[in-house]
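For reference, chains read A, B, C and D in written order, and residue numbers begin at 1 within each chain.
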Amino acid sequence: MLAPVEAKGLSEGLRLYGWMALSRELDEVLCAANPRWFPSAGEEAAMVGAFCDLRPDDAIAAHYRGPLVIYMMRGAEMARLVAQVLGKVGGYNKGRSVPFTGPVDLKIVPWVAGDLGTSLGVATGAALAFQQEGSDRICVCTFGDGTANRGDFHENLNLAASWRLPIVYVCQHNGWAISQPAKDYLPAPVANRAAGYAIPGLEVDGNDVDAVRRTMMGAIARAREGNGPSLIEARTWRAKGHWAADPQDYRAIHPDTPMADPLVRYGDRLIQRGEASATDLDRLRDAARAAVASTLEAVRVLPDTGEAELGLDEVHP
Amino acid sequence: MEAVIEAIAVAMREDPRVFYIGQDVGAMQGSMQGTKGLWEEFGPMRIREAPISESAMVGAALGAALFGQRPIVEISFGEFLPAAMNQLINQAPNLHYMTGGTARVPVVVRTRVGDGPYGGHPQDYSAWFAHVPGWKVVMPATPVDAKGMMTAAIRDDGPVLFFEGMSLSHAARAPVPLDAFETPIGPARIAREGRDVTVVAVGSSLPLAVRAAGELAAEGIELEILDLRTLRPLDRDAILASVRRTRRLITVHEAWVAGGIGAEVVASVVEEAPEVLVAPVIRIGAAAVPVPSGKVRPHALPNARHIVEAARRVMAGTRA
Amino acid sequence: MEAVIEAIAVAMREDPRVFYIGQDVGAMQGSMQGTKGLWEEFGPMRIREAPISESAMVGAALGAALFGQRPIVEISFGEFLPAAMNQLINQAPNLHYMTGGTARVPVVVRTRVGDGPYGGHPQDYSAWFAHVPGWKVVMPATPVDAKGMMTAAIRDDGPVLFFEGMSLSHAARAPVPLDAFETPIGPARIAREGRDVTVVAVGSSLPLAVRAAGELAAEGIELEILDLRTLRPLDRDAILASVRRTRRLITVHEAWVAGGIGAEVVASVVEEAPEVLVAPVIRIGAAAVPVPSGKVRPHALPNARHIVEAARRVMAGTRA
Amino acid sequence: MLAPVEAKGLSEGLRLYGWMALSRELDEVLCAANPRWFPSAGEEAAMVGAFCDLRPDDAIAAHYRGPLVIYMMRGAEMARLVAQVLGKVGGYNKGRSVPFTGPVDLKIVPWVAGDLGTSLGVATGAALAFQQEGSDRICVCTFGDGTANRGDFHENLNLAASWRLPIVYVCQHNGWAISQPAKDYLPAPVANRAAGYAIPGLEVDGNDVDAVRRTMMGAIARAREGNGPSLIEARTWRAKGHWAADPQDYRAIHPDTPMADPLVRYGDRLIQRGEASATDLDRLRDAARAAVASTLEAVRVLPDTGEAELGLDEVHP
């Protein structure tokens, strides 16, 4: 199903473009299908760039906005993820948790409640597990600019820095926490906070996937070599509402500055570099669209999750 | 709930010390439109938008209260109360007592729980707070009570936790008096009289009980429904008086059964008069799973059918 | 408690995935010497000293467990559990269920509650966790159980909250088997047989009940003492079986009465068989105040005299 | 009773010396009387310097180590504070809370539980109250270097910075959290964290009361003028154990570097400056010792707090 992206012979650049395109297409369709879905359009470079250079045995904890493509990059099935969003049977979470969770056997830190910030703790614990086992596995954890103000941000960055844990914290800074603009709750760049823990703090253009990857590479190497955590602030822009059906009246009251579309930017760059033609890009996008459409069609007809998944026996104890 | 907003607006007009702290309570008018109109009327200094920092929000409200203000702090959903838990537990309920009775902390913590149109964040942790001396804990079930109890909460000189059952925002519009009025914190209310079984219902479970009562009446089983309204302090007298009449007891709430407020209701009866019970009590609540966010959720939560079946069972179990 | 330390040491020797996170658990050997010897034997990578960051400590333990380790995380005193509450509530108990039954989270959270030689931080919030599906909650009352239940907790594949009653660290030394053994989580234990009144005692209240029983025996009142051992899952069968014999029930714990585990114990009986009770039940617990840190504390907490008087009252209240 | 310190005609320097000396004397006696008391010897300059330039209508939230002298500087009665520490009747807290709390009517944020970090929240709220009422009152809040790692530190500093609240946060950095040395839990100076909130972050020699005051003055003015919070890190040294009877075996395992005694330093300076003679200082110290001794004598004979203070009716509701 993911043929367009996974197809052999595609250049690295085209593969990345393919994942970003797939995310965009999927997002659009999910927004149409579920008014409560959280759109990620415009944030693909930050999302994909943060996770695309990891090993399969590394752990990931993805921000709730836009994680599905990340899970697919690791091998999760689009249909099962879509089932979660549509409330259909077949989801990894059996319709129990919030729909932006992913399968744990792919080393994914699951979303088990909607409370922001706690995933930073569990992600930090994944890095701790790797240090305990003496391996060179690492964890990458993304979170929003609003989430960066939860106490857990502070406690975990400090703990990770104190213990030199192999983890990279990435703030997917899209300028908003629902209806509140970042300037109202972030007096300084998030990256500035790194100085408080004596770890690298790096701001990067989050709509330039190459820039995100370059910044990540250094942080990933640092973590893998046992030199501890880093904090990266990927500046991006929430192109749509907080949720799909968000009327966004607040946007007139708090006007913001749009950023260029990361998909367009990256496509243009591939063309400039001579890595791809406009047709190549169109073809990838079409393929992504088709894959999404057929998945949606298949999932739509599935029954809703229901009492059968209540799982009274799947609670401990 | 519009009734709650009205109570807040009236209080803010009356008393300049009343102000509001929350997330998305300004330009967006609140989660589930829960602060509609307030920001326009009172502006950003009295309707304060906070960072995603629940612990600081509650701490700031407590400190502001200690120093002469009368804040209302909104935690968008009850599921986020744990993020502020040490302020909510080790500070709020202790301040008055631990200072030898000198500190006053007029704070209202407003939050949303349970199932409802939004669907997310359904966990209901209200029972924890009913366990803790120093808190008043209310969960109104009707728009009139929501307004009257919010007014009472704002006027109270100590911390009050105000839970809004999310499913109630669906509720049929009932006429709510326009002026400020207080519904006292503490007394439960007989929502329906009936001779056969007392159903103690909490918040959003009240409409379920009412529906069940209608159905059961046709079978000749008359439920007496007690709308609990306040989880702490518990109206033990009202509970006992009703059970003395009906001699049978069912409790129903959206929170989990084990350790839920239903257990306290039951215990309050058998501490006084176990002999009045002529049938085993039945407690209805969320299934013993973390309440699912997905479409499994309704299957984990109480409904009218549960109450109907429970009532039939307690009637059958009668030994008298 | 030395027995607990022994259980931990044995487990750490057996299984390299077991490690420990806490504050002052290294060079100082733990709050109240609660990790004595461990740091010397296992070193700083397996006995990890954490910053004052309770939420991160618990989160890190959960993540480590999710990724193959078997951590024990110590929150020095139960009063600090609220600081880690969202990890303890919105993560720990949910991980297995919410992932469709796939995630395993073998974590033990160890903490201290109640009165004791230290005196500070006496609040006991154990009842909250007994309310939450996904947790196992234990509170051993004897050194043997402390060792056996810690072993069981470490071997459990899900989260277990292990409460140590601080007053028990005073307890008379009882011989504890040296080898590893498991005391299963769940079953309560009859600590004393008696025909007249069932006393369900939790943790540090057990010795109080034993003392009271001695006194009452002289008056011809025979207490049956049930050492609850586990708050969740509750051993409803053992409770009911005992109350069926004695027909009278007293509960006693250091936590507050309203919404305490005693309420759940009572409810579990009258859900099954209210008719067995021939006298009002009595629940004993902390007075309805924030438990004082100062010398007022003993007056706020249960003692043997309370149990003696309660037993006399339930015997007098007999209607049978 | 506080005559030595409050006596008319004393220079400002001598008054400050007097308060620090009183704190030292009181501390020694309390440690002897209560093995669980938390000694503050060596930290007096940081403690006193943080609070000595406030107005009586400002709010204070003092760290649990060494707050009693601060309360006395505001008018609290030594005897009532000592009663708290000894568990005698007459304490402001009626024997209910931890003993390092103070009377709220003196604008003191009380200690109502022993959980560290939460007082930062209440202190921030005091500053919020002052902003709401439109006054120029401010709040000063001190806390330990270990406490600086609680999530509440982060949430409150960011909230105060976002709202420009009139508060000064002062870390009383004594190098220890019970038995753990600061280097194990603080990878960077606490003051570095200020950059994350775009507020001033200043390190200061916490054993030099003049330096502490100078640094505080700027931060106090800033807060009073409506320019928002500051973070000050006063570096001091815990001369004794965590609690009075602490055997401190861990100190052999984690050796640290002593700092010069702030009392001696300040006394020498006053002499150098010609503000005082050695006899003046001795006299102040003797007077402090006498005041403490007579207070202790008076309090010792009081009855213990008991059931009468249980106060079932002083709980809300």
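In the analysis below, a contact is a pair of C-beta atoms (placed from the backbone, for glycine too) under 8 Å apart; a residue touches a chain by one contact, two chains touch by 3 or more.
In this text, all values refer to a predicted model and were calculated from it rather than measured experimentally.
A.B. asks: If you take the chains that touch chain A and keep only those that also touch chain C, what is left?
C.D. replies: Intersection of chain A and chain C contact lists gives B, D.
A.B. asks: Sort out for me whether B-D or A-B is joined by the greater number of C-beta contact pairs.
C.D. replies: B-D
A.B. asks: If you average the CA atoms of chain A and of chain D, how far apart do the two points sit, in angstrom?
C.D. replies: 45
A.B. asks: Hey, how far is the Cα centre of chain A from the one of chain B, in Å?
C.D. replies: Using C-alpha averages as centres, the distance is 36 Å.
A.B. asks: Taking each chain's centre as its mean C-alpha position, how far apart are chain B and chain D in Å?
C.D. replies: Roughly 40 Å, centre to centre.
A.B. asks: From the mean C-alpha coordinate of chain B to that of chain C, what's the distance rounded to whole Å?
C.D. replies: 29
A.B. asks: Of all the residues in chain C, which ones touch at least 2 other chains?
C.D. replies: Each of 50-51, 53-56, 79-80, 82-83, 86, 90, 93-94, 97-98, 123, 133-134, 232, 288-290, 292 in chain C touches at least two other chains.
A.B. asks: Using the touch rule from the top of the page, what residues of chain A touch 2 or more other chains?
C.D. replies: Within chain A, the residues that touch at least two other chains are 91, 93-94, 96-97, 112-113, 115, 117, 149-152, 154-155, 158-159, 162, 184-186, 311, 314-315.
A.B. asks: Considering only which chains touch which, label the overall pattern as line, ring, star, complete or other.
C.D. replies: complete
A.B. asks: For a test of understanding, state which residues of chain B touch chain D in their complex under the given definition.
C.D. replies: 17, 19, 45, 48, 50-51, 53-69, 86-87, 90-91, 93-103, 105, 133-136, 156-159, 185-186, 232-233
A.B. asks: Inside the complex, what are the residues of chain D that reach chain A?
C.D. replies: Contacts found on chain D: 149-155, 158-159, 161-162, 184-188, 190, 192-193, 195-199.
A.B. asks: If you look only at chain B, which of its residues touch chain A in the complex?
C.D. replies: Contacts found on chain B: 23-24, 26-28, 49-56, 77, 79-80, 82-83, 119-121, 123, 287-290, 292-296, 299-300.
A.B. asks: Tell me, which parts of chain D touch chain B in their complex?
C.D. replies: On the chain D side, the touching residues are 59, 91-94, 96-97, 101, 103-105, 107, 109-110, 112-113, 115, 117-118, 120-130, 132-133, 151-152, 154-156, 158-159, 162-163, 311, 314-317.
A.B. asks: Across the complex, what residues on chain B touch chain C?
C.D. replies: Spelled out, the residues of chain B in touch with chain C are 79-80, 82-83, 85-86, 88-90, 93-94, 97-98, 123, 125, 127-128, 130-134, 232, 234, 255-256, 258-264, 266-267, 270-275, 277, 279-283, 288-290, 292, 319.
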